[in-house]
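Heads up, the next two complexes both have chain A, just with different partners, chain B and then chain C.
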Partner chain A sequence: MLQQNIKYEESRDPDFARWATEQTGGENIRRCIQCGTCSATCPVSSYMDHTPRQLIHLAREGFKKEVLSSFTLWLCASCYSCRVDCPKDIHVTDFMYALKRRAMAERVYPKRFPIPVLAQEFSRMVQWFGRVNETIVAAVMFLRTDWFKLLGQTGLGLKLMRTGRLSVFPESIRGRSELQRMLKAAEASKEKEVASR
Partner chain B sequence: MKYLYFPGCSLKGTGKAYDESLRAVFAALDIELSELEDWNCCGATAYANIDETKSHVLAARNLAIAEKQDLQLIAPCSACYLVLNKTQHALREQEQTRRVVKEALAAAGLQYKDSVTIRHPLDVLINDVGFDKLAKRVKAPLKGRKFAAYYGCQIVRPYATFDDQYNPTSMEKLLKTAGAECVEYPLKTRCCGGSLTGTLPEVGLRLSYILLKEARRRGAEALVTVCPLCQFNLDAYQDKMEEQFDMPILYFTQVLGLAFGLDPRELGIKRGIVSAEAMLAGGR
Partner chain C sequence: MADNTGNGQKTNGLPRIGFYICHCGSNIAGIIDVVAVAKFAETLPGVVVSREYKYMCSDPGQELIAQDIKEHKLERIVVASCSPNLHEETFRKAAQKGGLNPFYFQMVNIREHASWVHENKAAATLKAKDLCRAAIYRVRLHKALEKRRVPVNPDVLVVGGGIAGIHAALTLANAGKKVTLVEREATIGGHMAMFDKTFPTLDCAACILTPKMSAVKSHPNITLWTYSEVEKVDGYVGSYEVTVKRKPRYIKEDLCVGCMECIEACVFKEAKVPDAFNQGLSKRRPIYIDFPQATPKVVVIDPATCINVKTGKCKKTCVEACDRDAIDFTQKEEKVQLKVGTIVLATGFKPFDPKKSPHYGYGKYPGVFTALEIERLVNASGPTSGEVLTRDGRHPKAVGIIHCVGSRDEKTNKWCSRVCCMYSLKLAHLIKEHSGAEVYNFYIDMRAPGKAYEEFYEKLLSEGVHFIRGRVAEVTDWAMTKEEEGKLVLRVEDTLAGFVRRVPVDMVVLATGLVPQSDAGDVRRVFNIGCGKEGFFQERHPKLAPVNTFTDGVFIAGACQAPKDIPDTVAQAGAAAAEALALVDAGFVELEPNTSYVLEEECCGCKNCIPLCPYTAISFDETKKKADINEVLCKGCGVCAAACPSGSIVQNLFEDAEIYSEIEGVLAR
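Moving on, here comes the complex of A and B:
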């Protein structure tokens, strides 16, 4: 047990630590005094493997594997309690977003894990139609993770239908191609910025 | 008075009652709402998990379209309200974001000069219309009804623009103007679980359960919300909880509309999965 809690110098990744401080939300993590206010105010910290306080410490010390494979990132519901309560003005919620993006880019999350799948399907729908249809996004998420759970949603679906809140046809904006052009331009201009650095 | 209106995707789907009641209440107050031309999804919390810059591009397109008219922009959904504000902050504070977003907007012949004011309808009702005018319009005060005013996360955090971040009170004042009573509800800004109710129900439903249990314990007959996702989480999953609360979840605009004497059908009262009819008839 004790053995597991010991961290060794050689497993630190200084590049990752540097990367962390360069992210939106990561700017101030070196100032963290480990007071634990974030963990205390977080409504889901009791479900986390590392509390937000621990995760910030692990990240700034460069323990990449522990950080990116932590369940903590995915539990963050973006309620911003930690951010407003942090005495050192660390934007913890935004830092969690940065870690989630990195974990997705490196594909270090459980396959069929619903949270990244929901984010992917949501974004795909926005890119495609310009708007999101909640029913379709939720249905696709269940199909891609655990289709059996979709069956479990039948009752909810019927209730939403009865109250006129279920729509199965995606709504599209007129400026679809314009939006896609914008997203492409953003990508190109970001690549240019990275290349010129 | 006239405002631009950004309904957002939820208000066109599961949050239809919010859209209906908001339009009805504003019409009753002679405030014109002009729906933002060809608005797109704000990106919500999900898109920021995928790409940060592009999430700002999505919000910036809406801001750029809004800027063409010299009107303030009303965003009723908490996620939209937060995301639009967040992008505005990022454009002011982050040089790189500003550069990339500018190029992206230019690709569609758009530009944004940072002149749009983003407002929440609660803010507009209280600060632009004012309690005096609202009180005069109240025809059917909701006497004896006891509500828990629930704000959720994202209209007060991280950018508190019109109310206190830790103990907001604007909704209580509005509900009292409608003739109702408000119970003390210290969990008013605690998270409802957000999208976790769908992705990790064992966690998400627990958060919603805590909110409902406390509202019941405090003697609330219904919980009043400002956000379509909070309304959905608290309303749609009550049968999945270990205790039966049978507590209606209303939008503040619905409550105000009822007090104005508007037709409940116009306010989407029947769209609640937990019916509010018995409670409103005073049968509880």
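Moving on, here comes the complex of A and C:
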């Protein structure tokens, strides 16, 4: 199918560009000289729809939709190679996290793509129980992305259970409510910090 | 080192020749069998000494020649090594040190002409032998010659009063030389005087330039002639005779103090003439001054628009207003003669005419400006007192700066104009600062190579200016969306993002490149120097003689040689001044004796040679009816000697017999 690929000024969101430069990791993105070292050093960039370099350019130009719906955020392996090699000391990996959080908040991450779903279920479970139960996280992830795959994985799952590698029952920490209070407080202080900037 | 001095003393009356072949490390010896060549040379008649040596140009190499001359009573020297351009002088001096006339010497270039250009060792060695034989045959006929000395007039002419000319003139004048600075316009300052700030330091252009301008005006060693042009240059290095045309400005320069009462009093109550200094963005009267710090601070009357100059029928309210009687309508164009020894040319550049790139809409859309126009707009003493306004008086919300207009383009100019990236960054900063507008830079490559230049680019990046890598295809007012209505839209591939964009703006700035002055071709002919194919003045050597020209005593500096920024211009102007000083302080120049002369008895007076000489060195002696060659002007090109039908022109070092025996030597195998 032919697809028109031209960007009018209205597809740009200057507020998003400003937001990006206010995030931890995003402070320096304007200084990026688009050398592409990050993309070249990244072990997974060959799978990305926008290379890290491109993502930075798109973000600072305010192409919000392209940035937040990009697979790149979710492919990032957090290996920090880009951050180490960047000649302008741009904190690319940290910036990826900021973008991931925003994509989650706006629910624009690629649907049925396992990585964001996994991330979401993982943190939901931690928030709830203070612990992660792999069986449940994996099962929910498969159900939300490709439940057919779950069937294919049951054999392996059962084997792991039998050897005690996977447990069926969710475990929980003591003092769950305190953990939740802590997480809320952290969230609130972050909001305050952003508001004061 | 083989010592082949065995050919005894038997030379059968031929001059005693010393032959030397250089290894030049492996440059020559890697391809040519130098030992074989030395052995071969030894067998040739007249050769008394034949040696090969690692580096003939080294001190021991030169010493070897001098020693051999004394020891073996040598009368001629041949060195087979590199190009005479590099070391002819070295070996001539070595011969002289040994007590020989330096012109009893011949050099063979077996490096550029053999070892560097051949791969077959045997063939290259054979060729080297042929070339050496030729030199040995010819050197026998060499004559003792003397270099001529001509005195250098210590006065210097500087043409063009931009920052290059100003700096060169001040350097020379501070060294105690008398300088005449000739400027075509009514004031000195050139392009720099039009700028508000200068990259990368953002210091105010006027603050750093005007002190130098007034230093020129008040310097006891500088004569400043503005509104003047050089019409003719005669003579040669050390003694040039220059004719300067001084246009009438209808003002007595020594009386006018620049109070500008006359301008107010002009019968034109309203200014109607486009002001060239402000790039036509404002109007002036027929009597005007370019800018408050113009130097000299003297008004000027424009003959094309002044009613009195055109018709003689004006109330001349200006004359009434001037209480110093400085206005003088009787002034006529003058021709003044000047004698100088050296010349510095600093005639600068011209910005590219953006109408030659019609897709950017200059002249069609009022929102499209050239960079120089913006320089005036952001200037506090410019037409809007520093406010960034469109031609219809609006404050732009978005501004697009297009780099490389008329540069890096086969259809206009191939070259990179070198300063546009940097001045675009500067203008982006100034526009943002003065107007708060969103600024977009559209560039192909960002070229910021200079001290603190990359840092300046980074500063602009941090300021939040948009940098879109892509060459704008067109500027149009054809709106495709609602927000594009009433705007100028730039269509460009954002090659960093990987898609095409349409960016609507209120103002477009064209970073026009630097091109040669329109009259660079004429100026070049007046001063008898060369131009590259793009039209900038040609330096003698791109690396090793960047301010010299092929005409001795004429130097070039600044943007007339190639596009360059102010730091490089000033450095080059200093270098040109130093080169002129070196000639002046030596007091004389030594000229090569390879000039031509006329055998008077044989010259039939046909005048064939006269128009052929590229240096106009030949004149006709009307009383004797013979051609006469001025040996100071003669550069030894040999055209006349070749053309003379009666063979009555002889060129030193290239006499017929010398050339024939050289040919015989090459072919003697």
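By our rule, the second predicted complex is superposed on the first by the 169 of 197 C-alpha atoms of A that agree within 3 Å, B and C clash if a C-alpha of one lies under 4 Å from a C-alpha of the other, contacts with A are read in each partner's own complex, and residues count from 1 in each chain.
Throughout what follows, a contact is a pair of C-beta atoms (placed from the backbone, for glycine too) under 8 Å apart; a residue touches a chain by one contact, two chains touch by 3 or more.
What you see is a predicted model, and the numbers here were worked out from it, not measured in a lab.
By the touch criterion defined above, A:Leu179 lies against chain B but remains apart from chain C after alignment on the C-alpha atoms of chain A. In the superposed model, A:Val84 makes contact with chain B only, not with chain C.
Shared-chain residue A:Glu61: touches chain C; no touch with chain B.
By the touch criterion stated above, A:Ile33 is placed in contact with chain C alone, chain B being left untouched.
Judged by the number of chain A residues each one touches, B leads among chain B and chain C. Contacts of A:Thr154 after superposition on the shared chain: neither chain B nor chain C is touched. Contact residues of chain A toward chain C in the complex are 5-10, 14, 21, 30-34, 50, 53-54, 57-58, 61, 63, 66, 88. Interface of chain B with chain A (complex): residues 9-10, 12-17, 38-41, 43-54, 57-58, 61, 90, 94, 96, 99-101, 103-108, 110, 153-154, 157-158, 165, 190-191, 193-196, 198-200, 203-204, 207, 236-237, 239, 270-273. Residues of chain C touching chain A in their complex: 438, 457-458, 461-464, 466, 468-469, 480-481, 483-484, 494, 496-504. Listed in rising order, the residues of chain A touching chain B in the complex are 24, 43-44, 47, 74-75, 77-81, 83-84, 91, 93, 97-98, 100-101, 104, 114-116, 118-120, 122-123, 126, 130-135, 138, 141, 155-156, 159-160, 163-167, 171, 173-175, 178-179, 181-187, 189-190, 193.
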